[in-house]
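Next come the structures, one after another.
Consider the two complexes below, in which subunit A is the common component and subunit B and subunit C are the respective partners.
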Partner chain A sequence: MKATSAELQTRVKDLFEDGTISHFIGYETGSDSLRVAPCFLEGSQEIGRLVWNPVCANNLAKYLLDFKNVPGRVGIMVKGCDSRSVVELLKENQIDRDRVFIVGVPCSGIVDREKLLQVMGISPTQVVAVQDEGDSFLVTLTDGEQRVDKEKVLRDECLVCRYPNPPVYDVLTGETVSRLPWVGDDYSMVKEQEALSLEEKATYWNRELSQCIRCYACRNICPVCTCSECIFDKKAPRWISKANDLSENLVYHLIRAFHVAGRCVDCGECERACPMNIPLRRLNKKVEKDMLELFNYTAGIDVEQQPPLTTYRVDDLDEFM
Partner chain B sequence: MQKTKEIQTEFKPKILAFCCNWCAYAGADLAGVSRFQMPTDVRVIRVMCSGRVPPELVIRALANGLDGVMVLGCHPGDCHYSEGNYLTRRRAHILKRLLTYIGIEPERFQLRWVSASEGAKFSAVVKEVTDQITALGPNRWAEKR
Partner chain C sequence: MLDALAQAYDLIAPVQGNNISFRRVESGSEVTLDYINPMLSAKSTFFPQTETLFRFSRDDSEEFGIEPAREPGRSQVIFGIRACDARSLRLMDMVFDGQHKDSYYLDRRKNTTLMGLACFDYLETCFCPTFGIDPASGEDVDILFSDVGDRFLVEAFTEKGTALLERFAEFFAELRGDEEQLREGRKAGLAGMKRLDVKGIADKMAQLYEGPYWDDIGTRCLGCGICTYLCPTCHCFDIADVSLDEGGERFRCWDSCMFPEFTLMVSGENPRPNQKARVQQRFFHKLKYFHDRNNELACVGCGRCVRHCPVNIDIAQIIDDVSSGKAGNE
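After this line comes the complex of A and B, so read on.
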């Protein structure tokens, strides 16, 4: 994460001044040093608000939809995963490529707020800044500095991230990152789950999904959930009852997982937004793994690639008679 | 004199079959007129194409307490709309694996190819699936609270 906030600000200032963009979506400092908030700029006057640091977790791609009917060209800063979300939006013609200007920032991992606080045994108010130092983060506290291993405090999806560099961008700020050293088996979590017996699987998911309060935060934050009327909000036919019980929760989570099938880029936003800490990535990853194994497809890499469930091959696996 | 109705003790499954209008539904018809014997636990819903059956319908049916759901369509290559069954096949692969992943028996969801001339195959499929699901026992999804 070589690019700094200052570099980014200069770059975006130039874009505003030469008229390339009319709006910019980025990050600004949040309520404490371990949080950022999305920031929407309409000109270079407030450019100083923009920040780029290892706590910029939000996936900003979804905000592009809010600019669909806004005249001008909107700039957006994207990490690897965010860029893949933008690719998915482009693929589905949700946004117009000519009206989006993508500022790519190579990313070498984002801090997991909860993990950091736990590992270091501190409260958020003690943190002044977090800096990327290659294999570790340099955390500046109110009383001195401390180094902490990335592997201990990175977000779960960053630990298996294969695309630290944005696959699609107009300009790149900062140097590209080579393959992240800590990245192991992407699907170890899924394989572990698959190895369980049917009974154990059911027990696991019944326990996890019975916690769901059906706030729909995972849907609302998902960058690929773009339907203007969601199937779960429909009144006729009503696909899902308002009752918050396990049976309906299972329906919700299965349908949600299926609706992002072949589109999910594992940005981890659903899990971050979930107030009940339901392991949603465990479901999404399973579908992602199947897509890769069955159809050799990875979402969010190439705008020209046909989404897997809208196409077919005559010689697809046929396990049905 | 009317006999008192015998109290049913053994498990009789409820199975839903989505039959494609052009192949499987005609196949079911043929099985009927040919008087092939088969279990009566299958309820048929006619759809215009197996591609009409989205995973939401299957999930909804299972959640509503059906013990099994079958989707019956034309053989690959024979789809009346050229490609509906190929798309269904892709979705079915993913759905079946997803259901298994959260702990639902894979046999509860079946996709089969039955052509309009395969009345015998229709009755064989119905028999086979009914046997499998009877062996599994009732689907407890709807009772999960």
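After this line comes the complex of A and C, so read on.
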């Protein structure tokens, strides 16, 4: 059984009422039926606001940082990928495990808004609801229902997701999901990139990154970007100019990609947030693949596992030395 | 016609890249007409994201030289601008052509002819009628193109527009007489557009400075610059120098009230210490402070911030909450 909004509401209401949590971070319906907004509850009075459906894209783990100093215990709902970011936050001691209560929701894929609108040839105002039906979504429209294959309308990261079930949780709402049938080669797009010549890579990334407007949405939405002062914001010394040009943009994006090495869980939030449609996951996935090949390491699985880039081992690979 | 315009002027028009944005084009074939509103507004044509103000140099005698970085003002034409973006320029004029004259901006404004494209369709996030904008009108442009099916109805509204149409007269044919009627017919596509109540909103905002309404929005906001950078009326900037041994330049670039360092003082004090304060500033600027100064609201209902905010902070919803009194009751 897939978790429903009602089931989630009951679960969270109980958590408030038995004193387990003082706050809850979840989703509520957004401006239309294909959008949700993060919502923050301080009690069970407004429990009816909470929703869980296949458009709940946001990775809410980032908000745990905002509740670090709030007295009480904060509850949060997490999909597989979101839970993996919580694992990373725990590893880095960004949050205290005892002060977080994790409601896991197994997830079998999130709708890509633009893909859905395009494939179905509809406007968002026509959509009433989207329901998960296994290999397809049942889309309720203002004038009837339509079924659409998940493979055609899932977010890109969901098409290669190997962790639909949260690895870390306190309670699970809904049944666990078995391996998603559509999951293909995680790294096919990285391999395409690796096959390019240096010049082709430069042409590709110069074209993409020259479009960046440096709104920093990719950084701000990233659940593992946790520095209280980012070097890109530092005034003195200024490591990167505020001027928007390709060379500064390159520095920004490369440092960002390296900084999430071994920490990125491919939740895809950076790419979802980017208003300029820059394919940021291509950078992240390359770094993820390198981490796997060099250190046999995958981020966000086990809180006890030490991140390779923050540990020292005598037998470390040092072929670049 | 666009080819001829691109020869005679710097032509800026909607181009399909990763998304549709206004860009300088060399020929008409680069231009797309398949859009309701480009992702980025035409703001950067007049107020570029990064702009060199002047260059400075130092020679062996340690003497400084300053040289202006102004390009000689070649005339430019923007094709395909929508009514909301055209109105936003009138609002930006109030800032850059107000008490202080910004010659960088004003030179470009003077040298630019605006060719509007009437809207007969809208996105779910559009709400320009809220601000008295008729999306099918040419109120703030020099020339308006209205697609009436098999041809465009072309009208000039200013001397600049009339002069340009005369210069390119070879591309235009006589009216067949039914164009107005066809246009009225196409306006049916605009029925159902969102029109919010903004009457007295500046005064209502004043009552809301304190109060819990902004708490949730402040927590939700990630502090990125999408809303301000995509906004056609946001105009805040920063000025900085790049200096090397032999010289350097002073540039200005877009800045955003969403960023913590926007108000960070040299002492370390920050008068807007949290995201709630910053988010509040953005909405107060749009719906109150700009109105106090210029008697206009600093929003044109283009919906870009609504469409692209990754956490669904929706200015239309906020306007609705403030107008209906819901915001005050929370």
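A few comments on the model shown:
The rule is simple: the second predicted complex is superposed on the first by the 311 of 321 C-alpha atoms of A that agree within 3 Å, B and C clash if a C-alpha of one lies under 4 Å from a C-alpha of the other, contacts with A are read in each partner's own complex, and residues count from 1 in each chain.
The rule we apply is simple: a residue touches a chain if its C-beta (ideal position, glycine included) is under 8 Å from a C-beta of that chain, and two chains touch if they have at least 3 such contacts.
Keep in mind it's a predicted model, so treat the numbers as computed, not measured.
In the superposition on chain A, A:314 makes contact with subunit B only, while subunit C stays out of contact range. By the touch criterion stated above, A:187 is placed in contact with neither subunit B nor subunit C. Of the two partner chains, subunit B and subunit C are each touched by A:245. By the touch criterion defined above, A:213 reaches subunit C but does not reach subunit B. Of the two partner chains placed by the overlay, only subunit B lies in contact with A:199; subunit C stays clear of it. Of the two partner chains, subunit B is the only one touched by A:290; subunit C is not. Taken together, the two structures place residues 245 of subunit A in contact with subunit B in one case and with subunit C in the other. Within the complex, the subunit C residues that touch subunit A are 17-19, 39-40, 49-50, 124-125, 216, 219-220, 222-226, 229-230, 238, 240, 242, 251, 253-256, 259-261, 264, 306, 308, 310-314, 316-317. Subunit B makes touch with subunit A in their complex at residues 55-56, 59-60, 63, 76-77, 83, 86-87, 89-95, 97-105, 110-113, 141-145. By the touch criterion given at the top, residues 193-194, 198-206, 231, 239, 245-248, 250-251, 253-255, 257-258, 261, 283, 286-287, 290-291, 294-295, 308-310, 312-314, 316-321 of subunit A touch subunit B in their complex.
On the side of subunit A, the complex with subunit C involves touching residues 30-32, 35-40, 58, 62-63, 66, 123-125, 208, 211, 213-217, 219-221, 233, 235, 241-245, 269, 272-273, 275-278.
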